[in-house]
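So, here's a batch of structures to check.
Below are two complexes that have chain A in common, paired first with chain B and then with chain C.
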Partner chain A sequence: MDLILQLLANGISNGSQYALLGIGFGLIFGTTGIVHFAYGPVFAASAYVMWWLIAALGLPFPVAVVLGMAFAAGFGVLAYLVIYEPLVERGSPSFVVLVASLGLFIVIANTLAIVFGTDAKTLPDFSYGIYFLGDVVVTGVQIAQVLVFMAVALALSAFLKYGTWGSAIRAVTDNVDMARIVGIDTRKVAIVVFAIGSMISAIAAANLLVREGASTHIGFFAVFYAFIAVVVGGVGSIRGAAIGGLLLGLVESTGMWKLPTEWQSTIAFLVLFVVMLWRPTGLLRGN
Partner chain B sequence: MSRRIFLASALAAGLIGPVLPAHAQQPDVYRIGAILSMSGSAPHYGTVMSRGALIAIDEINAAGGVDGTKLELAIEDHKSGNTQAAVAGMNRLITVAQSPAVMSSFSGPTVAIAPISKEKEVFVINGGGVSLRMIGVSPYMFHNRSLATDLAAAAVHRAQARGFKRIAQIAGKSEFGDSVIAASYEVAKKLGLEIVAAEQFATDATNIDTQVAKLRASRPDVVLNWPTTPQAGLVVKRVREMGMSQPVISMEWTGEDTKIAGVANSNGVEVATDYFSPTADNAMGQRFYNEYKQRHGEDPDFYAANYYEGVHVIAELIRRAKIKGGNYWNGARLTEALWEDPSFASVYGGKMTFQKNGVALKRVAILEVADGQLKLKEFMAARTE
Partner chain C sequence: MTARIPLLEIEGLSVSYGKRQIVSDLSLTVREGDIFLMLGHNGAGKTTLLRSIFGLLKPSAGRVRYHGADITGRSPKDNVRDGICFVPQGHAVFKRLTVHENLMLGAFIVEDKSILAPRIEAINELFPILSERRDQMAGTMSGGQQQMLAIGIALMLAPRLLILDEPSIGLAPNLVIAVMESIVKIRQSLGTTILMVEQNVEKSLPIATDTMIMRTGRTVYLGLPEGLSDRATLIQYL
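Right after this comes the complex of A and B.
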C-alpha cells in the first residue's frame, strides 16, 4: 500500500511536469500545425541560461527564471521567423518543416555542448525541503511542479478564454482559413504562440534545473513526453495536452507497481498506441 | 593537435586515398584507432580517455616514436554507446585510417565491433567497457579494465563483509546493466545473501523516481548502485531525497556524480572499482599523473590512466612484433606478440598480466566519498565469483 501511494505521488508530480511541457508544445503545434521538435533544445537552452544567470552572475533564482522565460520566448520566436515561416510561406510540404525542425534540434543541442560544455550544470547551493506524508516522501520540487503546472494551466486557460489574443489563437486553432477571412493576423498569432509556448517550456526547465540540473540531452525527453501528451490528449486541445501529460506520468509510475521497472520506458508508447487505437484524434478531440 | 589526432571523419569526407597495400612493411606512421564517447549523454568518458591516450602518444613520440616511427591517434565517436556509430567508426578506422590496432570503450560498442575485429584481424584493447559479453567474441580483443562482473562480485563481497543481508540493486537497462544484475544475483546466492529488489531504467533517463520508490519499499540493508556517470550520482541524490539512509556501494563515481548528488548526499558512498594512484615507487604512474595535471589542471581518473596504458601496450607490441620481422603491423601479429609474453608495465605500478580470457586481472579498490573526494579505504583481492 505504501508503495502504490508513493508511486501515485511520483506520478502526479512527474505527470504535472509532462503536462506543463505538453501545454506549451500543444499550444504551438495545435495553433500553427508545426511539429516544433526544437522545443526540446529550447527547453534545454533556457535551463542553461538560467543556470548561467544564477551561477555566473549571481542573480536570484526568480529573476533568473523570468529572464530565462524571456530568453526562451525570444528563441522560440526567432526559430519561427528564421526557419519555419520562410518554409511555410514557400509552400513547403509539412515533412520538410518537420525535417527542418529536427535539424534545428541537432544544431541547438550541439551548440549548447560547445558553448556550455558537456558536464551537468547544477545548483549546489539551492536546497529544498523533503516532506513525509505518512510513509510517502515528497520533495519541495515535486510539490512545486504540481503547483506551477496548476498555476500555468489556469493562467493559460484564462488567457485563451478571455484575452483578445487568446480568442485569436482559438480561432486560428479551430480554422486558420476562416480566421484569415475574418481579419485575424495569423502571422502575429503564430509569433505569440511560439513566444508563450517557449516561455512555458522555460518554466518546466526551471523545475528540472533545480531538481536534477541541466545537461545537453535533457531536450530529447522534454519534447518526447510533450509530443506524446499532446497526441494522447488531442492535437489542438490544451486541456487534452494537460490530461495527456498527467495520464502519462501516472501510468508510467503506477504501472510499475507490479511490473519490473525495466518496462517503464515502454509504457509511454503503450499509452500512445492504446489511445490512438481507441480514439485516434486523442482523448479530448472527439471521434 | 592536428599531427596527433587524425580525424578519420574528415578524411572520409575528402581525403580518401588509395588503401595501403595489405602487407605494407613499414608504415610512415603507426595510426592507432580509438572509438570513444565524444558526444551524447556521457561525453566525459571520451574526454578523459582521449586525454590519457594523447599523453601517451606525445610521450612516445617525444622519445622518438616506436623505433623512429611516430604514433598518431584517430578518434571516432560512438556517441555514448551507439553501436551503429561504433561499427561505422570501426569501418572508417580500418578503411580510411588503416588502423590495425584500435582502443574501444563502453561494453555495447565493444561487443558490436567484435565481429569486425575477428574478421579483419584488428587488435582491440578496451579500457572502459566492463561487460562479460565482451569475452570470447574476438581472439584479437583484450581488456585492461576489470570486468563489471568482477567489480560486482567485489561489491557483493564488500556488502557481506559489512554484515548486510538484504541487498537492493539498481542499473540502467542495457546489456551492461543486465550482466551486472545477473552476476550479483549469482554471487549473492553463493554467499547466502538476499536480493530484495533489482530495478532498471532507460540508460539516459533523468527521472528514476519509480525505481527508487521500489528500492525504498523493499527495505534493503544496502543499495548496490550499478549505473555509470551521471546516473550513479542521480541515483544517490534520489535515494537520499526519498529518505533512504542505507549505505550505497557503487561501481563508479566521478566528480560529475558528486556534483549531481551533492556533496552531503555523496558522503559515505563506497565505490568498488579500478583505482589509479601514483605512488612513489610507480615512475610511469607519476609521469602520467604530472603531465595530465599540468595539461588539464585536474587529477586523472582510472579511465584516463587505462587509455594511457593502452597506448603503451600497443607501442610495446609493435616493438616486439617488428623485431621478429615480416608483415608485423597487423592485428594478428600484435596478438601473437601479446601471448608470447602477456605481462606489461602498468600505469598502476608494477606489471599487469593478461589472463586467458583476455582480461588484465587487477585488484579491486574500495574507495569512499568524503567531502566530494574519493579516499582509498582498502584493496580487495581480485575475484571472479
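Right after this comes the complex of A and C.
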C-alpha cells in the first residue's frame, strides 16, 4: 500500500511536469496546427542558458529563470518566423512543415552538444528539502513541480478566458478561417502562442535543471512526452493536454510497480495507443 | 428619386486557383441600400468571387473599389475595420465557444467594448433565440440557430456592407423564410447594404433589389430581379 502511495505521488509529480510540457506544446500545436518538434531543443537550450547564467555568471535562480523564459520565447518566435511561417505562407503541406521541424530539432540539439558538451550540467550547491507525508517521501522539487504546473495552468486558463489575446487564441484554435473573417491578426496570434508556449517550456526546463541538470537528450524526452500528452488529451484543448500529461505520469509511475524502469517510454506509447483506439480525437474531444 | 451611390464596384475581376480560372473578367456595382443577389449553379464561381472581394483570395486581375477607394487584395482585417463584414457558407461560428463569446469575437477589433451592449440587444431582438442560448456552446445549437449566430457575429460591427454566402443553405423551409426576413430587417433597421449569394431562387429573389447570374465564372445576367420573374427566362440563364 505504501509503495502504491509512493508511486502515485511520484506519478503526480512527473505527470505535472509532462502536463506543463503538454500545455506549452499543445498551445502551439492546437492554435497553429504546427507540430513544433523543435519545442524539445528549445526546452533544452533554455535549460542550458539558465545553467550558464547561474553557474558562469552567478545570477540568482529566479533571475536566471526569467531570462531563460525570455530566451525561450525569442527562440520559439524566431523558429516560427524563419522556418515555419515562410513554409505555411507558400501553402506547403503539413508534412513539409513537420520535416522542417525535425530538421530544426536536429540542428539545435547538435549545436547544444557542440557548445556545451555532452556531459550533464548540474547546478552547484543547489539544495532542496525532503519531506515525509505519512510514509510517502517527496522532495522539494517534486512538490515544486506540482505547484508550478498548477500556477501556470491557472494563469494560462485565466489568460485564455479573459484576455483579449487569449480570446483571439481560442478563436484561432476553434476556426482559423472565421478568426480571419472577424479581423483577428492570425500571424500575431501565432507569434504570441510560440512565445507563450516556449516560455512554458522554459519553466519546465527550470524544474528539470534543479532535479537532474541539463543534458543533450532532455529535449527529445520533453517533446516526446509533450506530444503524447497533447494527443492523448485532445489537440486544441489545454485542459486535455494537462489531463493527458497527468495521466501519463500516473500510468507510467504505477506501471513501475510490476515493470522494470526500461519500460517507462513503452508505457507512454501504450497509453497513446489505447487512448487513440478508444477515442481517436483524444480524451477531451480535440481537433 | 435620388440616384443611389455606388458602394462596391468590381471592375474586370478575375480569380484563379493555380492555372484554373474560376472568375473571369467580372464587373458589377452594388449601390448603397441594395440587396444585391448573386445566383448561379454550384461551381459558377460565386463563393470565389465573394472571398476575393473580402480579401481571403487574391484576384489575378481587375479592381475592387469600396466607396471609390481601391481595396483590391486588402486584408480581411482592414476590410472589417472599414465596415465590410463577411458571413461565409455553412454555419460559420466558433463551435466550441459560447454564443456570447461568439458575438464578442465578432467585435474583436472594437477597443471600447462598452459600446457593444446596445448592439447585442439589437441582435437579440432580431434573433431572440441567441439571448436564450447566451451561454450555450455554439456547436451544440441547430443549423438554423448557428446561421442566425453567424449573421449576428457579422452584425456586431454594425457593418456598412454585409456579404453573405448562401445564408439559407441546409436550413428547413420555415427557417429559410426567417433568415430572408431578417436580411430585409437588417437592411431597413441598420441601413446595411447586402451582397448575397444564394441558391434558393424562390425565397431570395423577392427580397433582392439587384440581381446577377453567374455561369462558369462569367456574368450571364445583370439587372433588376423583375427581369427574372418569368420562369422560362430564369431557367434560360440558370
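Going forward, the second predicted complex is superposed on the first by the 281 of 287 C-alpha atoms of A that agree within 3 Å, B and C clash if a C-alpha of one lies under 4 Å from a C-alpha of the other, contacts with A are read in each partner's own complex, and residues count from 1 in each chain.
Here, contacts are C-beta pairs under 8 Å (C-beta built on N, C-alpha and C of every residue); 3 or more make two chains touch, one makes a residue touch a chain.
Keep in mind the model is a prediction, meaning the values are calculated, not measured.
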Chain A residues touched by each partner, larger count belonging to chain B or chain C: B
First (chain B), second (chain C), both or neither touched by A:Ser167: second
Touched partner set for A:Thr111, first chain B, second chain C, both or neither: neither
A:Asn175 touches, of chain B and chain C: first, second, both or neither? second
Partner chain(s) touched by A:Thr122 [first = chain B, second = chain C, both, neither]: first
Which superposed partner A:Ser94 touches (first chain B, second chain C, both, neither): neither
First, second, both or neither for A:Asp185, with chain B first and chain C second: second
On chain A, positions contacted by chain B and by chain C: none
Chain A residues within the chain C interface of the complex: 164, 167-168, 170-171, 174-175, 177-185
Footprint of chain A on chain C - complex, ascending: 54, 56, 76-77, 80-81, 85-86, 88, 92-97, 101, 104-106, 108-109, 153
Touch list for chain A against partner chain B, complex: 2-3, 6-7, 10, 13-14, 110, 113, 118-120, 122, 124, 130, 132, 137, 139, 208, 212-213, 215-218, 220-221, 252-253, 256, 260-262, 264-265
Touch list for chain B against partner chain A, complex: 39-41, 43-44, 47, 173, 199-202, 204-207, 209-211, 213-214, 216-217, 230, 234, 237, 241-243, 256, 259-260, 262-263
